[in-house]
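Look for chain A in each of the two complexes below; its partner is chain B in the first and chain C in the second.
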Partner chain A sequence: MTVSPIDRVAAKTPSGVARRIKGFSDRTIAWIFVAPTVFLLLAVNIFPLIWTIRLSFTNFRVNRPNNDVEWVGLRNYQRILTDPDVWNTMQATAHFLIWTITLQVLIGFILAFLINKKFKGNDMWTTIIVFPMMLSPAVVGNFWTFLYQPQIGLFNYVIAFFTGADPASFSMIGDVHLAPWAIVIADTWMWTPFVMLICLAGLRSIPDSIYEAAECDRASKWRQFWTITIPMALPFLMLAVLFRGIENFKMFDLVVQLTGGGPGNTTTLTSIDLKREAFEKWRTGYSSAYAVILFVTVFGLASIYVKALNKVKER
Partner chain B sequence: MAEVTLTNVCKSFGDDVALDDVSMTVPDGSFVVLLGPTGAGKTTTLRMVSGLDTPDMGKITIGGRDMAGMTPAQRDVAMVFQQYSLYPHLTVRQNLEFPLKSPILRTPQPEIDRKVKEVAEVLQISHKLDNKSTALSGGEMQRVSIGRALVRQPSVYLMDEPLSSLDAKLRSDLRIELKGIQANSGATLLYVTHDQIEAMTMATHVGVLDNGKLVQFGSPRELYENPVSVYAASRLGQPRINMLPADIFGGAPAAATHIGLRPEQILQGNGEDSTVHRIEHLGDQTRLHLSFKSHDLITVTDAHTDLKVGDIVKIRPHEALYFGANGARVA
Partner chain C sequence: MSFSATEPTRGTKWFAGIAVVLYAIITLIPLLWIVATGFKSPADSISYPPVVVFEPSLEGYVNLFTARTRATEDMLEAAGPAVTWYDKITRNRGTIISGPSRYGERFMNSIIIGFGSTLLCMILGTAAAYAFSRFKVPLKDDLLFFILSTRMMPPIAVAIPIFLMFRNLGLNDTHLGMILLYTAVNLSLSVWLLKGFIDEIPIEYEEAALIDGYTRFQAFYKVVLPQAATGIASTAIFCLIFAWNEYAFAVLLTSGTAQTAPPFIPTIIGTSGKDWPAVAAGATIFLVPVMVFTILLRKHLLRGITFGAVRK
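What follows is the complex of A and B.
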């Protein structure tokens, strides 16, 4: 017979203590301790999830609580998956995700690599670099609208300075081709420091003595980088990708503040689209199905990714 | 293979003087052991020769060439680190292959395989070749770390307490093995330890370091029989040399304040009385702990001795070493 860990701990409890709390078995006491957490999790996580799944099969509208709720089966799902507008949003999200992650990991790693060198004042530089991520996304969105302003914006001015183009000749936010890049740039500016910090933790986890051994084994700096630095920092890099991926999949505040999803629908990410369906058009059933689809997508991708991550860690 | 020389080498880390004007010649093909307690500058010496650290002053040559400004790779040294420093994400085999896969060497794969196999057999780690290097015991890691140096034929091997975390049997096996490899290949080896048996059995030369200073350099025998100071004398010998006031037996030179007696320098059978207060039977010999004029002495005697605690043993010194007040040898 296998003994559960709780029973094992219970067996170690001095009988005097066990007796003093009359009427409760040790098992009951254990449950009393975890009950508040379990209750909270059920109330704010599990119940809403189940309720959302239930609503996704109905035509319920939360602004018309007195209407009859009809069971519509998979109609919501069918409508979402065949809607070209939804697919456009998905594409915009994918574009945003791929480019922000690529740029942030690349720049973040390079910054971490440079800051990891021992030089005077690298702590100060770290603090300066980390600054953007301490700001509120709404604030960042707001001041990037000024930076992108064609007549007075610093961004346009800098681009104009280097290319010789007229700064008023292009508008990062107003142009359908440039707007998707406008949000990528702003997000990269804000979150690259975060990736840098994770990469820095990774690089600092590699002991100097490993490099010294490699130095004696006559590995060039280049070979040391590819055979030691990259493989040993890889789990951290992958963790950074995971964090940024999940965070940016639900990106809302920064982009709403910056472009409001426009021009047209070019920067309407799925979370913005979902918010409109749910709380502007009040299509509760439809948006519930939308939310379930997004949940399954993120959850699926993340689990595959975490499996890969664990494999890398075990190596 | 090559001769290594250090000339007036100094090194400080902040206010700590790690090496103070050390000059030493490691002859080509010799096995030099550096002895000294923690902080004496043994590891620092190795790091200077390897090129991982640069001396503040002085000159280091390997094979007659000045090593100033040369990287460890250019110096062609192989180093065994005290803390193993294995590549944790690689297997044992990949760790052993790593130095051979250097583009400088261009070793063909069959040659690499042969060498790795050979070294793994010597170090008794053949069955672990495909394990992750982190999934090994401390002793196994240490052997892989030695192996990583042995797969190459560098101009100098540098080893920092390579046998310290092995069990007694493996340690004596590897001692013989290392000595054999060094003797057969004619390699120059600079070896750090504080195990005096390793020093006595393997070394052709021993250097004794004290607080960053090289106090004596010579063959193990020379050091044992002719130490320059109390400090050098107490580095070698098991049981340790006995230090007593110089006048305890009489006949001491005028400048001497202490007499140093190694166990075999205490002759038993005649002379003055001492009392046995402990007996340790070690199998091949017996250690006697004696009380002599309220001083404790340790000496060795016949393995099958009939002596018991409380017995009286007559002792007298034979070819004793005398030291002055500052610890230096006077006679």
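What follows is the complex of A and C.
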């Protein structure tokens, strides 16, 4: 058992002094300090979650409060898991997740690697690169629709300039095949700096002495990269993937402003689909079940992943 | 020049520097485009090819802050000559200013809700973080994990019952409701970050204070708080930025009185189609403060975005 320094001091303090330390006991203070936070989180997070779980077994609809609420058991869950549309949105989400994470890890790591070469002014440029991720995704996403406009959009103009295609001939957010890539590009633009910052911390955590030892052993730079840099930065990379995975699984604001889930259902990520079911079709019971499924998925995947991450860290 | 096996060569530095600067410039273009579009006239904003050099115009900003009605010749004459510079801009387009737009209100809402929730979040978060850092709290690790896990929930997933709950409590579309909600959302961040900052303050300071006869509360606010000031300030900025940028809850739970700027800016439209200069002007005013805060935060950025998991 660990003894905190406070206890040690308390044990050493003569009882006369101890009695003079007035006020509440530490235990009481701890509760006074923690209780409001726990209470607010219970009220705004856990209570709604339990309510969601309860609603998910009913056919309740918010817009018809006078209808009888029936207990339907697992029917909502069954309907969701057998609905091909839901599987389509899952596929769209998977496409979005896989590509954004791949691109961000790749570009983010290369950037971090380059910044770690400590050229003059690297701090300033790091701060500049970080700007996009600090901004409001909804406001920025909305502006990306302007960049993506056929004919007048800057993005189309630049692509046309380099490829010679007609800038009016393609529409990033109007085309079924291009729209999934439009959201991947915008998200990568926005969140690559996040991965970069974490990778940079990983690279800076590697002590110089290891490289010096490798240099003495005449290990080539290439070999040093694969046997020192990558393994030692791996826990950081995995952490970056975890954060981006959770965040992009929840993705709503950027994409809903950019494409609104269209054209068709090609960019309808799960959060967007859930919003439609819950707040446009008002199928409250059904969407509650949907929410529970999403939450269990993200929580389950994250737990498995954290276990793997800890294994890598232990090595 | 001292030789070191690990110091990159000059050539490497040059190459790395140029590559990073190039990336930075490319990544900045969309942001610069927002700022530039805000100062373009409507014609310039949608011209082909896109113009980089243009005559700056404040029409976007005027349109952002005003509501206008299309006026006939008679109405223009009846209104008399334009007095102010912004009147002149709208008269040139054949419109008359009929009043202020809602942007000012929405921006104020963002400020009230952002600062309100940040303040509340810092009060609750500092206290909880101190307790977690210094005391034996029963189930400490479970509680800390529970606090973090609240962040994993997709906002839309909890929005349904929160919507119902707020409706029953009369909190829908109110400042208080949004402040409480954003406080709860940001508590996980503030508790985890602040616990890290307080952990770094040597416990000996407080022990000395306690032996000198301070009570726990006195030791907390006279010794720990000043020591943690930088940490508290940077955590507060993070909370402020997250509340400032939040969109999902804002668009679902607010419509009129408490709507913040993010759901409002995309809805700005002009008399004929989307008024991009006005949208860009609104976005510029909304985004620039965050950029300034990012520069202030640069030393603690990494800690903030990883909830204190990576400290450097």
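Structural remarks
Quick note on the criterion: the second predicted complex is superposed on the first by the 281 of 315 C-alpha atoms of A that agree within 3 Å, B and C clash if a C-alpha of one lies under 4 Å from a C-alpha of the other, contacts with A are read in each partner's own complex, and residues count from 1 in each chain.
Keep in mind that, in the parts below, contacts are C-beta pairs under 8 Å (C-beta built on N, C-alpha and C of every residue); 3 or more make two chains touch, one makes a residue touch a chain.
These numbers were taken from a predicted model, which means no experiment stands behind them.
Of the two partner chains, chain B is the only one that A:232 touches; chain C does not reach it.
In the superposition on chain A, A:87 contacts neither chain B nor chain C. Taking chain A as the reference chain, the count of touched residues is higher for C when chain B and chain C are set side by side. Of the two partner chains, chain C is the only one that A:26 touches; chain B does not reach it. Of the two partner chains placed around the shared chain by superposition, chain C is the only one that A:143 touches, whereas chain B remains out of contact. Judged by the touch definition given at the top, the superposed model places A:218 against chain B, while chain C stays out of reach. Counting contacts as defined above, chain A residues 212, 215-216 meet chain B in one complex and chain C in the other. Interface residues of chain A, counted against chain B in their complex, comprise 207, 209-210, 212-220, 223, 227-228, 231-232, 315. Contact residues of chain C toward chain A in the complex are 4-6, 8, 12-14, 16-17, 19-21, 23-24, 27-31, 33-34, 37, 46-50, 124-125, 127-128, 130-132, 134-137, 143, 146-147, 149-150, 152-165, 180-181, 183-185, 187-188, 191, 203-204, 207, 210-211, 213, 215-217, 241, 244-245, 247-248, 251-252, 261-263, 265-266, 276, 279-280, 283, 286-287, 290-291, 293-295, 298, 301-302, 305-306, 309-310, 312. Touching chain C in their complex are the following residues of chain A: 4-6, 9, 13, 17, 20-24, 26-27, 29-34, 36-38, 40-41, 43-49, 51-52, 55, 62, 111, 114-115, 117-123, 125-140, 142-144, 146-147, 151-154, 157, 167, 189, 192-194, 197-198, 200-201, 204-205, 208, 211-212, 215-216, 236, 239, 243, 246, 249-250, 252-253, 257, 270-271, 274-275, 278-279, 284, 287-288, 291-292, 294-295, 298-299, 302. Per the touch definition, chain B reaches chain A in the complex via residues 50-52, 71-73, 76-79, 81, 83, 85-89, 98-99, 102-105, 132, 148.
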